[in-house]
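First, the structure itself, so that you have it in front of you.
As written, the chain order gives the labels A, B, C, D and E, with residue 1 at the start of each chain.
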């Protein structure tokens, strides 16, 4: 069980002291099956890390471990030089997690959903929210309850959070599912922009991503 | 609101009297928004029809209407020459629907799930089921409860139904989500095989499909 | 591939569905233990909240047992179609080439076996704890045996109607409880009659009539309700 | 983009969460009407099942009302975290940069306002229908006002622990009901005391102590339970 | 016949027809209820026991009688919705449920007020009419809350139709079983609706008028709320937009 990291050239912006996130010798087993072991990698500001791997190779598990949502692991996760256990609060304030379940309440409208989910991380006003919704192609649906939206539109509501988030590190679990081709291209652009502006992205997807400063980590090559 | 149908050459097998499924002048509106209107198309044995369209264009709605799961529509759906209202039982017996929710019980194992879901449509024995599970790459997971499977693996459990189904018409709503690249290629092959053997497939996806006898219908080009 | 397979008979689809639901219940275990535990706990609240005295308890015993049965039946309904709705199995059920009546009936029977039947078995013990006169244990069990399937069948309609809703616990109760009133009345009257040495046959007949009625109509109505909920 | 925004204060995150939960409840309407309806219907089953006679009812009134309150509080809990768990909002809550204690508290308060408070308001009407002596209406409302938040807070722990389970209705009950027994006992004792003209102050103090205890401990425990359930 | 039926299904047709009839109905309602009220207030002799409060019985009896009509009405409308998918029937059913809940509530309230005077108690379990009316009220609230819980209006229409039909059967069973339950529990207090204390001929004339008036009122409110519903649901239809333009 080993991993291949094919890094593209490092971003040219100099890093302010040490990497943003460093993972050292991480291993995890579930139900007696080793998902990954001795996993070490570094995520710097300005980079996008794609976690690849076949179904069941442990991508979702890895992301949830990184965010502190799972704790069945061995190894160290270091955030700006300190273990995430010690920096929990500051770490979480600078992190955006987007999971298989997208965090959109079906009864509320997109606007009301964002008002809460974005508002938990930063102060917002309605104009900002409306702009973000328009940017993900939901103009005209701001006030429809989310249960009337299609699968892809619900996904977009949640993706609007990306445009509002003050977090440096984005951790995205298959954000491209159910999106149409335009939306996929647009989301790739958003990720690239975030990296260019000094943020960092960890993303799982079975898509082939092409963007500058992308590196890839493939799980479960045995 | 119009639709573009780009048909590739018809399959060379002669059709036994009339098309398999014919849709005449179908229209549907939800919440005062016309999703599609005057939609007419034909699905013959031996063909794959891809329904394309951006998010929210009505693909899921169309598929559910075809299967009789939604009835807020105007127009006619004709199955082997008769309206589906009159032939409900024989129609349903010859149909396999695969929706956004995949029909996999989390507590049961893949084997137990298939025993029921495939067993409702045809008589099965365990060897058949095990073969189908192995074919979708779930060897070794036959007896794990499905809640321990990853998102893609759960999707695969449901896709194993395709290999067991006696139905002529497959109606698949985004069957490719969360599948890894190998599984995607394999599923495309399965669809092509089904068509070659005289079956018919209606599938929605944002993937670019390439297979013989594929035609495409794009919704919501305005 | 298209021709070699055999369409299963409705009877085997019925058995498949019954077995599957029982299997899920046994794997979960909670589904079996909980209605029963709830029943016991609710009943044991009464001596605490009302009075621990034997005579007083004996007076209210029949009513308390029946109300506890009603509530536990209602609570356990929640699991009848919800899981299937959420994971998409309901669509497989609806699009199977068999009459929905029988499949719904199979699910109801499985559900009753798991949630209603244990309560019937345990009732004499609880009746003893509430000091119900021992002559009426037989009648109590008999009424429960006839009454609980009726409650399950009626509840099934309400669950089917509300299966798509986010939080159902209460709306389910609000719809089901009024429907359970006749069962409750005949059930308690029968037990009270036998406790005071009167014949209870008439009430039993009425309960049987309610059961027969719901056995023939409720699965049909549930099936229709499921079709509505899924659309 | 990374620097211009301001991290909201914990107070404003608290208010945001409170408002959101109230908004969801109001949009659903049922969340508000149903606990209340359930309470009323369950209470009106008792005269049918036990006896319509005034004196008999008066004897059991306090207990019956408290049991109905308990059950309706417990049933309404179901909606507290389930929706958020299923749609992923719970992960947003857990990964927000605010102490989970306050966010959980906000959710509990919203829930009590919607489900517990209406029951308190309606209780005198039901007490009248059960012929409770009118001197004890005040005590009844007071005990409910102190007791129902306690029940909500206790229930919240159980819901948080069970939020990932398929069918929760009953397991929830089985966990919550035993913990609610002290509230039930002190509540009914207080009402019974005031109905027979005795002072009820002691019981009220005990209820207040239970409320204070659960107000400080329950949200912490719920928060921990939520973390466990989500992982 | 079928043509007429199909026409009746069209909201537009109903809207136009009701426009013609509505003024007359409103006038009739006001007249009848007015006469009945005046009659009850001025000409009804005070009851020898309860004095002038007895007049509320006129309202009570009228409303009680009318509220029994709701479940059958909803069941019929529900059958039409399910079988012929007629939108109009559902609009009527939707408003009937809410209105029925109100009527049941008024029956309960007026009955209680009257009871507090004539029996000295606001509520008594040992009368089957009271108890079965209470459960009818619960069932109607159940229908209303199901309607508001289901988000999709098409779905809600069908689900409520089904519930109304089943509920209608159940109301009958409850009534019958409660009655029977009651004959077994000998009422402890001398409570029965058949004490007949207030029924002189004047009383019955006033009551008959009031019943007619309440039925008229029921029709008017149903028609009004249905028209409202039509305008809302068809607000994009050409004829509604023309109507709105004409109003401006």
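By definition in this document, a residue touches a chain if its C-beta (ideal position, glycine included) is under 8 Å from a C-beta of that chain, and two chains touch if they have at least 3 such contacts.
For clarity, every value in this text was computed on a predicted model and none was experimentally measured.
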Stepping chain to touching chain, what's the minimum from subunit A to subunit C? 2
From subunit E, the most remote chain by mean C-alpha position: A
Write out the two chains that share the greatest number of C-beta pairs in contact. C-D
Interface overlap for subunit A and subunit B, more than half of numbers shared or less than half: same or different? same
Farthest chain relative to subunit D (centres taken as mean CA coordinates): B
Measuring from the mean C-alpha position of subunit B to the mean C-alpha position of subunit E, what distance in angstrom results? 49
What is the distance in Å between the mean C-alpha positions of subunit C and subunit E? 33
For subunit A paired with subunit E, centre-to-centre distance based on mean C-alpha positions, whole Å: 57
Junction residues of subunit A, two or more chains touched: 100, 106-107, 145, 148
Would you please write down the residue numbers of subunit E that are in contact with two or more other chains? 135, 138, 141-142, 145, 149, 154, 178, 181
Return the residues of subunit D touching two or more other chains; collapse runs of consecutive numbers into ranges. 28, 30, 34, 37, 41, 48, 51, 83, 166
List of subunit C residues in touch with subunit B within their complex: 1-2, 5-8, 12-13, 16-17, 20, 23-24, 27-28, 83-84, 86-89, 91-98, 230-231
Touching subunit E in the complex: which residues of subunit C? 157, 161-162, 164-165, 171, 174-175, 177-179, 181-182, 185-186, 189, 206, 210, 221, 224-225, 228-229, 231
Subunit B contacts subunit A in the complex at 30-31, 53-60, 100, 137, 141, 144, 148-153, 155-156, 174, 177-184, 206
Going by the contact rule set out above, which residues of subunit D touch subunit C in the complex? 28, 30-31, 34-35, 37-38, 41-42, 45-46, 48-51, 56, 59-60, 62-64, 66-67, 70-72, 75-76, 78-79, 82-83, 165-171, 173-174, 177-178, 181, 184-185, 188
Okay, in this complex, where on subunit D does subunit E touch? 28-30, 33-34, 37, 40-41, 44, 47-48, 51-55, 57, 128-129
